[in-house]
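Chain nomenclature is as follows: A, B and C, assigned in order of appearance, with residue numbering initiated at 1 for each chain independently.
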Amino acid sequence: MMQHFTCWADVPQPLELLASAKALKQNPWADEGLGKHRTLGLIFFNPSLRTRLSTQKAAYNLGMQVIAMDINEQGWKIETQDGAIMNGDKAEHIKDAVGVMGQYCDIIGVRTFATLSDQEQDYQDFTLEQFKKYAGVPIVSLESAIRHPLQSLADWLTIEEHKTRPRPKVVLTWAPHPKALPQAVANSFAEWMQNTDYEFVITHPEGYELAEEFSQNVQIEYDQNKAFENADFIYAKNWSNYKNYGKVLNQDMNWTVSAQKMQLTNQAKFMHCLPVRRNVVVMDEVIDGSHSIILPQAQNRVFSAQAVLKALLQR
Amino acid sequence: MMQHFTCWADVPQPLELLASAKALKQNPWADEGLGKHRTLGLIFFNPSLRTRLSTQKAAYNLGMQVIAMDINEQGWKIETQDGAIMNGDKAEHIKDAVGVMGQYCDIIGVRTFATLSDQEQDYQDFTLEQFKKYAGVPIVSLESAIRHPLQSLADWLTIEEHKTRPRPKVVLTWAPHPKALPQAVANSFAEWMQNTDYEFVITHPEGYELAEEFSQNVQIEYDQNKAFENADFIYAKNWSNYKNYGKVLNQDMNWTVSAQKMQLTNQAKFMHCLPVRRNVVVMDEVIDGSHSIILPQAQNRVFSAQAVLKALLQR
Amino acid sequence: MMQHFTCWADVPQPLELLASAKALKQNPWADEGLGKHRTLGLIFFNPSLRTRLSTQKAAYNLGMQVIAMDINEQGWKIETQDGAIMNGDKAEHIKDAVGVMGQYCDIIGVRTFATLSDQEQDYQDFTLEQFKKYAGVPIVSLESAIRHPLQSLADWLTIEEHKTRPRPKVVLTWAPHPKALPQAVANSFAEWMQNTDYEFVITHPEGYELAEEFSQNVQIEYDQNKAFENADFIYAKNWSNYKNYGKVLNQDMNWTVSAQKMQLTNQAKFMHCLPVRRNVVVMDEVIDGSHSIILPQAQNRVFSAQAVLKALLQR
């Protein structure tokens, strides 16, 4: 029985969850009575487009009520440190804010990005853990400091739908980006992929290793061209440096995914979680090309979220 | 069959749309099953009060689900130029953002104002066209760079309800305003009015002509007093200069609509789309007077939007 | 018959309203047909967490549709002065904005805080009164410049549920705070409590008297320790100075509610409306202790709001 949905380990039966997402895609309103009288609270510490829209849609498909809130803009500035003497600019402690939300919501989704400055706090997934600790209701990660499991489940579903051989080669490739981005999407994709029976490879410049807990059992290939050989899926994503935490040490445009590089693959499908910096992470020719599956991938966010909400409602 | 609702030309049968709005006003919940399982996405690049509230209300009356989003604040900054190398501050390209929204919504409403600096881009209605191009679902203009058709339809309905003779004289009068405003409401009102059988006159200072495409078949009268003579409806609205694009070249308070000027008319009803600068565009004595129909006009925004959504749902 | 819900005097039969809140807590969906086709507009001039979430939840429990709006961010800047020549930065007059909202909503909730600079305007409850004047539909205060009646009703319900003797001693204690806060929660609590048959005492530093209209019939005790003796409920709250209007003249941490002070009481329950500055207003040891009832108090906000909405829907 799933208590929360914040990482792979939270899911007792991943294959069933995947099957549920597939089934809901065929019949989105099959369970629309399940969420009756149930309220989903969506709390955003950070911007969101796909997650905001797709999770609301998923909840509506299940008959849930949704209350969305941009907490820093619409609520009060939040103190997160235990024992703080709150005489500064932060008006509410996270334990009170979250405790109260748990009084009003049956499930809470929360989006909270990495600071990219405090590695220890980020890799404890501090804010997310506070929600788990104080809400008293199931928590769904809408992307946390170190993971984005709703995205990963949607990615998995997308690969299942588009694979043309039983054990496809799936390549996660680092790509350049002008600003420092969290490692969450990459971490999470690696966590999920290494639990499938795909051939999974990560390629990135030397020094751009992900945290050990996410990459230790994964094949790393520093030569991007070599990694692309025979690939069935190319998943592009930038992340900032983990060792020199949160730094942008490399903007090498040779890592940009181009049509030329895609020709090294087994007619690979191109994936990205979006938003994407066009002509930096990936060239227009690829993302607008016939092998790009970014829109079906985004659409699957609805059914990924819906399968998760359904499982939590059925507890 | 209506594909989008962005201008007069989008409407195959305008008289039927007007009749539908009238009927829905009598019985707002007659079609509340029609929107079941259908999602309306409302995307705001700019502020909105009437449009935000009335369109949501219209959708709820039809049984639709609504997801509203202030895209620049709650989502990512949007790149709109094709082929851009996105290494600046904009995190998502409009073609991806819109493509994704089309995966989640059955109809998308979008509000996007004129830049008032780039006339060519504004008069191509650039952002709105991107939505039409990439969404894959019907687009409803919630006011674009150059038109505000939901307002115009509500205005038409309001005039129909309040006219006291078959062919009333309807006068659109420019009025002063401290800041540069788009031409959208005036353009759109002119577009709709010239397609009715009303006597339609626009009055404005010389040099404040609207774009030819909106004004070429319309009677222009530079003498406001003369224009007001025998008028049944006075529709006040400021717009910034079209030729010296986006400039405020005139703030002449002689153009303010006062009780004295209204005495020149045939006991004309006073209209304005709101928001309105009181005692600049119009004196309190007029807008608060017994001939002001600004509130019924605003109320009709619900039924205008509802008729449009109904037509799009029935495609 | 209740016309608005903005203060104690608005409630014709307070005991019935309290009973209704209790009953709804037992059976939240008993009246879910009552709000069908009815729209609640929630207008926020100021931040809100509990009020935003709990009032939406209450409305959904009654089957209402909800449209929430942060008016200054999502709409237009609002002019509030009558007769203003609106040539500054404010684009819409409150009478027009409110008049329009009344066209779209069956009930309007509005949150509007004190300026803390203009005492006369604040104590006329200027903005709230404009809503009552121009909306044409029932107004619910979501906290105004001088009152927070939904909070007070929830507080009353909470005390009723947790009292252990028929006539408990209820103490409202001022507590220090780094920033100037409105008097609204304290005023409103005092207004409601003096209409119950509890023993009600307010304790605060000399000079921190509330406005006479709220405190004239209430027992004031300047010695906090003495006030705490034999208390059954300690309700902590900061407010800024009323006489030196809006000033913070005292930040004496001796007024912070500590475990030691709570030992003076009759095992009193600790209450606070939240958000609360921990270790300034109250020590962690108290608010996290077994006698803290802040979460049940917050939960009761749902049923307080629901009882009010129900009464207004039944008019």
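By our rule, contacts are C-beta pairs under 8 Å (C-beta built on N, C-alpha and C of every residue); 3 or more make two chains touch, one makes a residue touch a chain.
Only a predicted model underlies this, so the values are computations on that prediction, with no experimental measurement involved.
It takes 120 degrees of rotation, in steps of 5, to superpose the Cα atoms of chain B onto those of chain C. Counting the residue numbers that touch the partner chain, chain A and chain C have less than half of them in common.
Centre-to-centre separation of chain A and chain C, using mean CA positions: 39 Å. Along chain B, residues 73 each make contact with two or more other chains. Residue ranges of chain A in contact with chain B, taken from their complex: 28-29, 44, 47-50, 52-54, 56-57, 60-61, 70, 73, 178, 274-280, 284, 287, 294-295, 298-299, 302. Chain A meets chain C in the complex at residues 37, 39, 41, 65, 67, 69, 71, 73-76, 79, 83-88, 91-93, 96-97, 99-101, 103-105.
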